[in-house]
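Listed next: structures, encoded as structure tokens.
Across the two complexes that follow, chain A remains constant while its partner is chain B and subsequently chain C.
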Partner chain A sequence: MTSQTPDTTASQACASAPLAGQERYVAPLDETPLQQVDSIDESQPASSMWAEAWRTLRRNPLFIVSAVLIVLVLLVAFFPSLFAKGDPNYCDLEHSLDPAGPGHPFGYDLMGCDVYTRTVYGTRASLSVGVLTTILVVIVGGLIGALAGYFGGWVDAVLSRITDIFYAIPLLLGAIVVLQMFRTSESIWKVVFVLALFGWVSVARITRGSVMEAKNLEFNTASEALGLSRIKNLFRHVIPNSLAPVIVVATTSLGTYIVSEATLSFLGIGLPSTMVSWGGDISAAQSLLRVAPSVLFWPSLALAITVLSFIMMGDAVRDALDPKSRTL
Partner chain B sequence: MTDNENNSKASRPLLQVTGLQVEFTTSAGPVRAVRDSSFTVYPGQWVAIVGESGSGKSTSAMSVIGLLPGTGHVTGGSIKLDGTEISHYTQKQFEQIRGKRIGLVPQDPMSNLNPVWRIGTQVKEAIVANGMDVKREKRSELAQKLADSEAEGHYHGSDDELFIGSSQLPDLMEESRKALLAAGKTEKQADEAMARFRDDWVPGSETRWRVREALIAEAVEADEAKRIATTYVTGATMDDRVAGLLTEAGLPDAAVRARQYPHEFSGGMRQRALIAIGLAARPELLIADEPTSALDVTVQKRILDHLHYLTESLGTAVLFITHDLGLAAERAQHIVVMYKGQVVESGPSLEVLQHPQHPYTKRLVAAAPSLASQRIISAKRRGDAETADESMDHKAASADTLEHAKTIIEVRDLVKEFKMPRRKEMFRAVDDVSFSVRRGTTCAIVGESGSGKSTVANMILHLLEPTSGTVLYRGQDTQGFDKKQLLDFRRHVQPVFQNPYGSLDPMYSIYRSIEEPLKIHGIGDKKSRLARVKELLDMVELPQSTMTRYPNELSGGQRQRIAIARAMALNPDVIVCDEAVSALDVLVQDQVLRLLNDLQAEKGLSYLFITHDLAVVRQIADDVVVMQHGKLVEHATTDEVFNNPKTQYTRDLLDAIPGGRLRLGLD
Partner chain C sequence: MGRYLLRRVLQMIPVIIGTTLLIYALVFALPGDPVKAMFGEKPVNDAVAAQIRAEYNLDKPFIVQYLLFLKNALTLDFGNTFSGRPVIDVIGDAFPITIRLALMAFVFEGVFGVIFGIIAGLKKGKWYDSVILIVSLLLISVPTFVTGFVGQYLFGVKWQILPVTAGRNPGFIDLLLPACVLGSVSMAYIIRLTRTEVASNKTADYVRTARAKGMSNRKVTMRHILRNSLIPVVTYLGADLGSLMGGAMITERIFNIQGIGNTLWQGILRGEATLVVSIVTLLVFVFVVCNLVVDLLYAVLDPRIRYE
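And then the complex of A and B:
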């Protein structure tokens, strides 16, 4: 075996002739042309992870449906006057509980206000609470979670315990107690603050987890070895890499904040009663459930569709950003 | 197995794959993973499929047992198992074959055992699933049948399902000892033989006929041997059988081990457990899909040696899938080389290796690190020494540089201790290590996992504080550096890490990744930085258009070249490569090593090269530091370590290089 002269190898080959199907075989070269080792396919356009995610999203019917609905809801929230001509606060007791008629497709409520107009105008309050709460929650929860996850040790211990304490307080119970103190306030901000106060916890937990995962990737060590300071590394590398799950949670919980706002308004401690909102209207209509169910039905339907479309959007975004299907 | 059987079986292939085609359905349409691949396996033979990642080697093998992942399906060709076409089989039909006729040893021992079940339970599962659990009633029936057939003079082992049981083992030992003494052995000889039996005869491991043969081999009379075997080998319980299988796979203390959980096992032990599971039902063919690529070389050698012995004694054929040509040539009689989903060359392994004919095989043989016998010579020097004998030239040149080299990094009495969770004493990851790196040369730190080599690298990079000892960079203690000095140090000492998939920020375009060090150190303006990035991409032989791309679009080797470009951006003196080429395919690895070597010759770089692969060391290093359990075992020049290893551990490492002793005749 050590000899390399062709003679001995030939005799060896003769001595143990290959079995049928195991003869020496060499594929013709033109069938598999040899490619350059590890060359870059320059025919494909360059694309980042976000571009890739967008491409997946665009093809997802769930995303298309929810996007159309959300655009519609946004339009209604920004320009309610385009959709309803009347004044939501103009009520005429003469029409109390009148059924639907021309120009008033949803009928009238107990006070004789047009249900359609009130539903359209209620959009803005619900949506702003949802969006503002989400923004606040992502900033506060994201920051706290990122610091806890990145620095670990006692920072993590302290921040995580604080998170746990807030986690232990039921949202509604906490919100009722806090909002009782600000009954007189007339702004939507009190609802936003209360929801954010009890809502940042889940985002903080998610961020902490994904930051802990991202900070252990080797590129952080590489950056540190390049001389980047730790805190700069957090903002330049770690946070951008842990955003995806936070975005998913934020989109999904936007819907739930709208529900919470409606619940609080329903309980009479949410938005001020002078403000038109779905929760307030549902609350007012509950006593009429037997007499005039449609008064309750329409604002509830609007609420359900809005929440559903945001949750669907969250699902679609998660599919696109799923860290498991992502080719890291 | 008798010779007769061997011959009659050998004439007929056990597995015959012809013109196999496999397709995967993706959102962008069908992708052909395997086109027209053909190979044949005979009973008892080792056949290796060799190829780089994505060549279709695993896909070809998995289609044989109907375990194609995801959307994969066979679209053409035929797969014949012992003459029966199985390519059209449904999953239910495949279940009949899997385990019983074709066993599988999967690639990753870390993820292929269920962490919530005991090892024994998982082996038992393999026995029960294949109807191999010999229940008490069936056992006595079997014993009767065997006794009958033996009385008629038919005696053979392949149907013998009776194994030594733990309850009868003491009696068996005692009787055997008596028989040995009766056969005229002295006390001492008998004790020696008994010691051997005690090692071999673990409950559940040996069958009746093998006990008989073992006794006959020790000069016990045939009738007496048969009497002992039939009286005292009447069947093992399930637990005995599990322990027996694990013993067979080379796990010592199997009965205790079977009650442990996977996390209590090392990688090598898990792989042995997987081998036990794969062979539990005595398949005719074992598919081993890169069974040892996650393990250290010495462990790999031990496991493969054992698998070889085991399959030989059981007469099992092995379809061995590997990316390592040296390993394939060393273990298999027949090699199948795959490239881009096609078989490009196949034949007897030594012949393929010594006279490769397809250009791809030639390239593979030339690049295989395990087969290389000398250091890569840089492009510059290649040009200089076209006429001279290359190895001579290298020796002369290296001797030349050795004298002129000055120490750039020196490590003195380095110690690093880590606190172990729930334990008082500290764990010494690095224990009193001293060595130095000379300017313009490559120093390799070699060791197996857990040897502390990466910890040393991190301390040199100033990413970890040593417990005691010093790291000197150009004679200065790096511990005493203030912020400014440290930034300056960072500029001159750069790392390239192991994992090509983790070392680049996936959110950063290639341009931003390479530009980052320049930005951190405030070098140049936007325009000059752009020019520098282009220059660096040229240096690592990637097109400038790569700049706009993202890491997820590049292959492992390309990413590693980007990482090298980033490390080179600041014109460092020292680059610390922590397993920088370990995750790459052979050809790509060769390409990156050559690139590193050319850069060294051009820029006078010093490398500290951390690796577990001695074969790579030979190709790139001038000096070698061998580490084991945190201690430095050997420190010498590469030639010295390879030609004249001083310690047993280094010799073991050298022996374990697959295909290291094969001679090549590259035409």
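And then the complex of A and C:
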């Protein structure tokens, strides 16, 4: 920067008259010296892919909005009593379908329960199903996909055929057939297990492809040449390098599982009816749509916002981890 | 191409056997005695029960039941329902309705999804791009049954432009709203997919080359941007036709359509293993065939892909 002033004056001088020994005007070199551009501070450790991704993420408004929403939803799920004073199961028929009033911003449902309190308390059920299913799906699908992609050969052949079989059964269809068996069960685990049973396939397929790509990279040959065992190599090098697409799919699927849970609860085979959940409340409100649409509206809105924030988060993470497939 | 097709068709066989076995095992594990369920509250004579068990192969071990089912299924004989009607008749009544519904949803999501996706992708950053994006995100995050209720309420009850429920033999108008509801989520995914593809192809090198050659804007869009953008969209659409039929269960229940989804739901409620497995087999078969067709369409759309 400091050297710019003499340079410009020199070029102006050149423009007016050719230098001695020159027949015509020659523009001076105005490039930045190469050393300055290419100098890399080698004393600093190279920033990893994750650090790069984090830097991109922080600047993405999509990420900020969805992160704030997700933190809010998590807070509501963990500490519902901070947001709603009353008891979600306390209902007074005297208030049946009463409109919103002070302290009860969303009004009352048919049984006279406070819609706001129920919506707040319903967060936990929906979110736990989404999070637990995603964790299970990533573990099972990730492991099967990684083994199939890494070892290839007959391992891949067997695992891929199993994946094909599960892939051919649509998530909701399979879930309905299986959940029918556990109608009487009162736990949320049945929904989690059944959604995971038919949901792991998408993660397995993505992991397989991504592992197959990562295992042929040079650093694996290097680490194997250095004597790392194949299994260690898989967990130390291949899996961390193929995680990015899996994280993206997992984040987006989390929203899908929440929607599926609500759909199953709507059919009466999802979460037990004694549990406060958005799906159950929406299902109960369906018949009231003509009389009191707000009873249906609030839990649906809460559900939509939660799902939306996870989908937006998935988009933001994809932009950060895979710049090739930017959505914005 | 012929060899590839043959290999793919042969690969379908283990998938279909595996899926039916899985579903059969799951349905077989359903608690409750189906014979008792048939008679409802009435007490059952032991001899009658034994005869019914023999007639429906319920007395045989699971794997024998399954193999018998598979053997008969090859001749399209799926046995009888508990009320005595051949399963194939029940499916024959219900399936055309679901096919009509799924095809209408398919056309709806394909046409509107691609059109809105292209508009949004070509004019990225304009206000209508944002509107299209927000609406598609909303459609994804609201469950189908809520969209269904709201649609039913607005179009059927409040404005009374479309029928609230479809009757016994639904026509085009009866199925219009259910089809839009059924296709709405996939339409949103197609919008997002098309938009991303169009936007990334718009700045591709070959598009710049085509423009530099002096090709008209219209031709560049039609021949280069769209053709390349639509390949992943076609994959998605093809795979989706199969899942639309499975997902029709919710829509058919909301709008009271007597299609395959409703029949399946009734079968599950009554514990009719043969009916459930037959319908699921059919749906899986449709799904697998759709995926095969998609793979073959690839070669037509993308000349770089050739099957040997």
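One rule holds for everything that comes next: the second predicted complex is superposed on the first by the 277 of 328 C-alpha atoms of A that agree within 3 Å, B and C clash if a C-alpha of one lies under 4 Å from a C-alpha of the other, contacts with A are read in each partner's own complex, and residues count from 1 in each chain.
Basically, contacts are C-beta pairs under 8 Å (C-beta built on N, C-alpha and C of every residue); 3 or more make two chains touch, one makes a residue touch a chain.
All of these numbers come straight from a predicted model, not from anything done at the bench.
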Point to revise | Partner chain(s) touched by A:290 [first = chain B, second = chain C, both, neither] | key: second
Exercise for review: For A:223, decide between first (touching chain B), second (touching chain C), both and neither.
Suggested key: first
Exercise for review: State whether A:274 touches chain B only (first), chain C only (second), both chains, or neither.
Suggested key: neither
Review point. Which partner does A:172 reach: the first (chain B), the second (chain C), both, or neither?
Key: second
Review point. Which partner does A:266 contact after superposing on A: first (chain B), second (chain C), both, neither?
Key: second
Check your understanding: Between chain B (first) and chain C (second), which, if any, makes contact with A:24: first, second, both or neither?
Key -> first
Practice item. Mind sorting out which residues of chain A both chain B and chain C touch, each in its own complex? Key: 326-327
Check your understanding: Of all residues in chain A, which touch chain C in the complex?
Key -> 161-162, 164-166, 168-170, 172-174, 176-178, 180-181, 255, 259, 262-263, 266-267, 279, 282-283, 286, 289-290, 293, 296, 300, 303-308, 311-312, 325-327
Exercise for review: Flag every residue of chain C that touches chain A in the complex, lowest number first.
Suggested key: 11, 14-16, 18-19, 22-23, 26-27, 29-31, 137-138, 140-146, 149-150, 152-153, 157, 192, 195-196, 200, 242-243, 246-247, 249-250, 253, 264-265, 268-269, 276, 280, 283-284, 287-288
Review point. Tell me, which parts of chain A touch chain B in their complex?
Key: 1-2, 4, 9, 13, 16, 18-27, 29, 31-32, 34-35, 37-38, 40, 42, 44, 46-49, 52, 217-219, 221-228, 237, 240-241, 326-328
Check your understanding: Which of the residues in chain B end up touching chain A in this complex?
Key -> 10, 13, 16, 39-40, 42, 334, 339-340, 342-348, 350-352, 354-355, 357-360, 363, 461, 463, 486-487, 490-491, 493-495, 497-499, 501-509, 516-517, 520-521, 542-543, 545-546, 548-550, 552-555, 557-558, 563, 566, 570, 587-588, 591, 663, 665
